[in-house]
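Each in C-alpha cells, the structures are laid out below.
Both complexes below contain chain A, partnered by chain B and then by chain C.
Right, the complex of A and B next:
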C-alpha cells in the first residue's frame, strides 16, 4: 500500500474520530447542563432550516473562489433570488419558483462576472456594487410587481404555494421515540436522524444533493480540475489550452445561481412569505462558512451546520437557557483547541485560548441565561475567532481575488 | 495638471453616470414604467426642503467617503466603515446623553469620544491584519454585524423606551447646536455639524498632499516593497491609517445626531448604510478631495430626488440601482481608460525604439 493511500486513510479515520468526539462531548454537555433541547429533533430541524440557505450561499462562494473570483456579491445575488422565488412561485407554481430564483441569482452572477472577468475590476469593489444593486433592484421590483397582487404589499408577498415536505415512514417514528428517551449519545444521534427524516423539505434534499454534486464535479472530473486550475494558476492553465475566461464565467454564473437558490430557501421553506431584505446578511455568513471550511465542500458543510444551529435556535421560543448551555460546550472545545496549540508549540496562542475558555466558563457559571442579541452575532464572532486563531492553517486558492488578463502570462 | 489627465479624470465618471441613468431607464421601461418620467423627475429642480436634505446627506456621505479614502490610498479596503460609524454613533450618543460635560463643550467632547470609539473598533481589524495576517475585508464584514447587534443590545439594556423601541437619553438642550436656516419658509436647517465635512475634507487634502506622512501612505499604496525599502514600517502604517480612518468614520452620523435626531436607537433613530454608500462615493471620486465632494453631492441628489419619483408611480428604490451601477460603471471606465493609456504608451515607446534603430543602421 502506498504512503499516499495510507495517509488518506489515516485522514479519513481521524475525521470520523473527531465527529465521534464532538457527538460525545455534546451529549455530555447536554446531560451536565440539563438542557435536553440541545439535540431534540425540533431544535435540530430548526438548525437544518437555518443551515441550508447558508450552505447554498457558501457552496456558491466555493464555486467562484475555486475559479479565482472572490464573490462578495453573494448577498446581493441571494436577495435577487428571494424576489425571483416569490414572483415565479406566485405566478407559475413552486417549482418554477426555484428556477426563477436560480435565474435571478445567475443574473447577479453575470453582472459580477462581466465586471471582474471581462473588465478585470477589483473583485471586492464589484461585489459591493452587486450588493447595492441587488438590494435596490429587489426593493424596486417588489414595489412594482407585488403591490397590486392579492397577498402582496410594497415590500412583501405571501399566498404562493411552497414546496412539499418528505417524511421517511418507519424511520421517522422510531427515531422520534428514541430521541425522547434522553439516553447518552443514542438519543442525540436519534434526534439528528429524526430531524433528517421528519417533514424535511424537498429543497433541503436538493441542497444536500447539490453539495455532493459540487464536491464530485470540482474534485473528480476534468472539468473541475480545469476550473480549479483557473483559481490556482490561471497562467499555467492558459498555457495548457484552458479557456480561463470561459471557466471563470461558468463558475461565477453557477455561484450566483446557488446563492439565488439560497434566497429561494428563505422565501419558500424557512418562511412562506417574501419580504425585502429577507436575507439579513446570510450571504455574508455563507462566505464566512466557506472560509471557515477552508475552501472545501465538507468544511463548508460543517461551517454551515454550526452557523445554522446558532441561527436556527434564536427562532425557537425561550432559547435563553439553551444558548446558556452552549457556553459550556464552547468552553470545553476551547480547552481542546488550547491543548492542540500548545502541543504544536504555539504556546502563546494556546494560553490565550485557555484564558478565553476560563472567561467563557466564568460567564456560564455566573449567569442563568444569555441575552438573545448575543446568539444573533455568534456566527460572526466565531468566524472572526476561527480566522484569527487558525489563519495559518487556512489555505485559499493561490490566485483567488487576483486580476487575470489573457495573454499576459509572464 | 495636464489637459489630457483632466479629461481622463472627468470623462470616465461622466460616462458612468450617463450609462447608469440609461441602464436604469432600461430597467424601468422593461418593467412597464415610463423612462421619460424618470429622467425628467431626476433632473428637475429640487424644492427648498429637498435641497436642505441634499446638503445634509452629502455632508455625511463625504465624511464616510473620506474615511474609506484614507485606507484606499494605502491599498487597504476598509469595508468596516459601516461598523465603525455605528460604534462611534452609539458611544457618542451615550456620552452626549449622559450630560457629563455641560453646554456646548459637550458637543466637542462627544465628537472626540465618537472618534476614539470608531478608531478603537477599526484597530481590531488592523491588529488582526498585522498580527495574524487576516484580510481586513473578511474581519470587517464580521465586525460590521457585531457592531450593529452590540449597539442594539446596549441601547436595549442601558437606554430608555420610546414607543416600541429603545433609544439613548436625549442630548440636553444646552448642548444642541443651532443649524443654518437657509430658507426661512422651508422646514429644517442645514445642520451645524455638516460643516465637519468641509473641515475633514481640507484636512484630508492637506494630509495627503502636503505632509511626509501622506507621502509615505501613498507610497505604501503604490508599492509596498518600495515603501519598505525607503524605511516605512508597513505594519505600523496599517495600524495608524486604520485608526485614522475609523476616527473619521466615528464622525459620520454626528451631524444628524446633533442636528435633528438627538438620540441613538436603531432602526428608527439611526441611518444605517452610510458606510457602504460612502465606499461607493470614494470610488466614484477616485479618492480625491474634490471628486469625493462631487460624488457625495451626486449620490445625495439622486436620493433626494427619489421621493418625487413616487408621484410618477416609480418606486424610489430605483435610484439605489442607479447608484450601484454608477460604481460598477466608473471602475470599469477607469479600468478601460487605464489599459488604453498603457497600450498607447507601449506603442509610443516601440515606435521611438524603431526610429532609433533605423537611425543607427543608416
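Right, the complex of A and C next:
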C-alpha cells in the first residue's frame, strides 16, 4: 500500500474520531448545563441557515487561494450578490435570482482578477478596494433600480418570490420525535437529522452539492491539479505549459460567483427581503472559515458550521442561557487542546490554553447569562486562536498571495 | 526513441540596457551529450530560456531536424521534444511526485492509475527509484532532480537541457547522475549540459561549446581539450585556484564552541554536541550536504538562533547569550549564504547597503546618526579595493551582477578589521573572476590573523582554502580531515555517511 493511501486513510479515520468526540462532548455539555436547546432541531436549523452563506463565501475563498490569489474581496462580491439576487428574482423569478447573484459576484471577482493578475496589484489592497466599491455600487444600484418598485425603497426591496423548501417525509417526523426525547447522543444526532430533512432550502442543498463538486474538481481532475499548481508554484506550472494567468482568472471568477451565491442566500433564504449592507461581514467570516479549515473543503465545511452556529443562535429569542452554556463547551475543548499540546512537548502553549480554559470556566460559573452579541466576534477570536495555536499544522498554498509575472521562470 | 537534431543560428536577445545574447550559434547532434560552458553572465541562461520557449529571441533561428521553428511558450518546445531541468527546481513541494510530473501533461495518461504506472515504469528503467505518491517536500536534492528529469521524460522529450545540474550534488550523486545521463543517451536522447565545472564537463561531454560575454566563442573536443584550454576560452585568462600557501595558523583561539545543542520549534535536534575551535589565521572548512545543520551552525554563532545548551566564546568572552548586533560589534564579519535574503537590501543604493550590519559603528554612523559622508566614502573604498564593477555607489544593489554583489558584501564584512569571518558559500553563483578575487581577499585576511569559518558546497574551494576540514552530518561533526591529504571522493563519502560516520 502506498504512502499516499495510508495517509489518506489515517486522515479519514482521525476525522471520524474527532467528529464522534465532538458529538459526545456536546451531548455531555448539553446534559450538564441543562441547555436543551443546544442541539434542538430549531437551533440547528438556524445554525444551518447561518452556516450556508459563510460556507459559500469560504468555498469561494478556497477557489481563489488554491490558485494563489488572496480574495479578501469576498465581502464586496457577496454584497453585489445580494443586489443581483434581489433584482433578478424580482423581475425574472427566484432561479434567475440565483443566476443574477452569481453573475454579480463574478463581476466583483473580475475586478479583483484584473487588478491582481493582470496588473499585479497587492491582493489585500485590491480586495479592500473591491469591498468598498461593492458597498458603494450596491447602494447606488439599489437607489437607482429599487426606489420606484412596489415593495422597494432607496435601500431595500421585498416582495419577490424566494426558493422552495424541501421536507423529507417520514425521516423528518421521526427525527423530530427522537430529538424531543433529550437522550444522550441519540437526540443530538436526531436533532441534526431533523434539521437537515425539515423545510431545508433548495439553495442549502445546492450549497452542499457545490462543496462536494469543488472537492472533486480541485483534487480529482486535471483542471484542478493545474489550478492548484498555480497556487503552489506558478513558475513551475508555467514551465510545464500551464497558462497561469488564465487559471488564476478562472479561479477568481468562480470565487466571486460563489460569494455572489452566498449573497443570494442572505436575500432569498435567510430572509425574504434585500437591504444594503445585508452581509454584515459574512464574507470575512467565510475567509476566516477557510483559514480555520486549512484550505481544505472539509475543513471549510467544519469551520462554516461552527461559525454559522454562533451566528445562527444569536437570532433565536432569549439566546442568553444558550450562549452561556457554550462557555462550558469552549472550556472543555480548550482543556482537550491543552492536553494534546502538552503531550506533543509544547508545554508553554499547553499552559496558556489551560489558563484560558480556567478563565472561561470561571466566567461560566460566575454568571447565568451571556449577551448574544458576544457570539458576533467568536469567528474572529476562534480564527486568531487557531492560527496562533495550530500555525505549524496550517498549510496554505505555498505561493498564496504572491504576485506572479509571466516569463520569470528559470 | 528517435533523437533530435537542434541547431541555433545567430541567436540574439536584448533586454533594456543589456545585450544578453548576440550571434549565438550552437549545434546539438542527436544522441550526444553537448556541454555548454561559460562564466556567470556569459548568457547561458538566456540562451537556454530561448531554446525552451520561455523567452523569444530578437534575432536568429532555431532549426529542429532541418526545419526552422519558433517557440512562443514552453508548450511549443515540449511539443518539439525539448525538455528542461532548471537549476532551481521547478517543483511544487506540497504536491506529490505524481502530481508534479503529470501537471501540464494530463492528456498523456490522465492523472490516475495509468500515469502512476507509466511513472513507475520510467523510474524503474533508468534506476531512479521514485515513489509516485511521495510528497516532494519529503525528498532530498538528488531525488528532486530525478523528479525533474522524469518530468521531462514523461513528456517524451528527446533533448534534455540540464542547467548546472551538479551544483547541488555531492560527488557520489554526480556519479549517479552521470550514469543516468549515459543511460538516456544510450536510449537515444540528446542532452545539453550547462555547467562551469570543467572536470565534470570533460568527464561527461561528447561535444563542448564555450560562451563568453553573450556569444559563442568556440567549440572544443573533450577528447583532446584540457581544463586550461577551456578556462582560457571561458575567461581569456588562467584558471584560478583556491590553493592556500604556507600555514598561518596560530595558537590563539578566536572562536570556540563547546557542546552546542540547537533544537528547532518542534523540539528536534538540529545541532548535537558541536565542539569546534577556530584559531587566529586559520580557515576551518565545514563540509556537508546541504541541510545537515550548516545554516543552524552559522545562525547560532551569529546570535540569530539560541542554543539549547553549550557555550560559544569569542576570544575568551562568553557570547552565548549575545544577539546578532552584539556579536557583530565584537568583530565578526558574516557573508550569508543567500545574499538576496540576508546580505543586501536590493533596492537600496550601495552606500546605504554599506551601513547595514554596521549601524552602530564608524565610519557609517556617528553619535547615533547616519554619517552620510563617511558611509559614502567607505562604500567608494570598498568598490575600489574589491573591484566591484558598478556605475557608482548610488546604484541599487539589484542592478549589480551576482559576483559584484558578493564582492561588495565581502568588502563590507572585511571592514572594521574583523577578528572572525563567517563565510557561508562565499562564492556560490559568482563567476570565475569574482571567485578568484574573493578567495584572494580571504587568503590575505587570513595572513593578517583573521580566523575564518568557511561553509561551502564547493569541495575544491573547501579543500583549497581550509587549514582544517570538519564534516557535518545530521547535525553532528562526524569526521575531520587534513585538506592537504583528503580527496573529494573521501570527503563526499564522509558527507553522505558512507564511511566511518
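Everything below uses one rule, namely that the second predicted complex is superposed on the first by the 404 of 410 C-alpha atoms of A that agree within 3 Å, B and C clash if a C-alpha of one lies under 4 Å from a C-alpha of the other, contacts with A are read in each partner's own complex, and residues count from 1 in each chain.
Methods note: contacts are C-beta pairs under 8 Å (C-beta built on N, C-alpha and C of every residue); 3 or more make two chains touch, one makes a residue touch a chain.
Since the structure is predicted, the reported quantities are computational estimates derived from the model, not experimental observations.
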Message: Just checking: does A:232 make contact with chain B only, chain C only, both, or neither of them? Give me first, second, both or neither.
response: second
Practice task
May I ask you to decide whether A:130 touches chain B, chain C, both, or neither, giving the answer as first, second, both or neither?
Solution key: first
*Check whether A:5 is in contact with chain B, with chain C, with both or with neither, and answer first, second, both or neither.*
second
Check the residue A:121 against both partner chains and state whether it touches chain B (first), chain C (second), both, or neither.
first
Should A:221 be classified as contacting the first partner (chain B), the second (chain C), both, or neither?
second
Going by the contact rule set out at the top, does A:384 touch chain B (first), chain C (second), both, or neither?
first
Chain A contact check, chain B vs chain C, more residues touched by chain B
After superposition on chain A, the chain A residues reached by both chain B and chain C are 392
Note: in the complex, chain A contacts chain B through residues 72, 111, 115, 119-122, 124-126, 128-145, 154, 281, 284, 287-288, 291, 371, 373-374, 376-377, 380-381, 383-384, 387-388, 391-392
The residues of chain C that touch chain A in their complex are 45, 48-49, 52, 54-55, 73-75, 78, 84, 86-88, 90-96, 99-100, 102-107, 110-111, 131-134, 151, 163, 265-267
Touching chain A in the complex, chain B uses residues 27, 31-33, 77, 79, 128, 132-134, 137-139, 141-143, 145-146, 149-150, 152-153, 156-157, 276-277, 279-280, 283, 315, 317-325, 327-328, 331-332, 335-336, 339
In the complex, chain A touches chain C at residues 2-5, 220-222, 225-226, 228-229, 232-233, 235-242, 345, 392, 395, 397-398, 407, 409-410
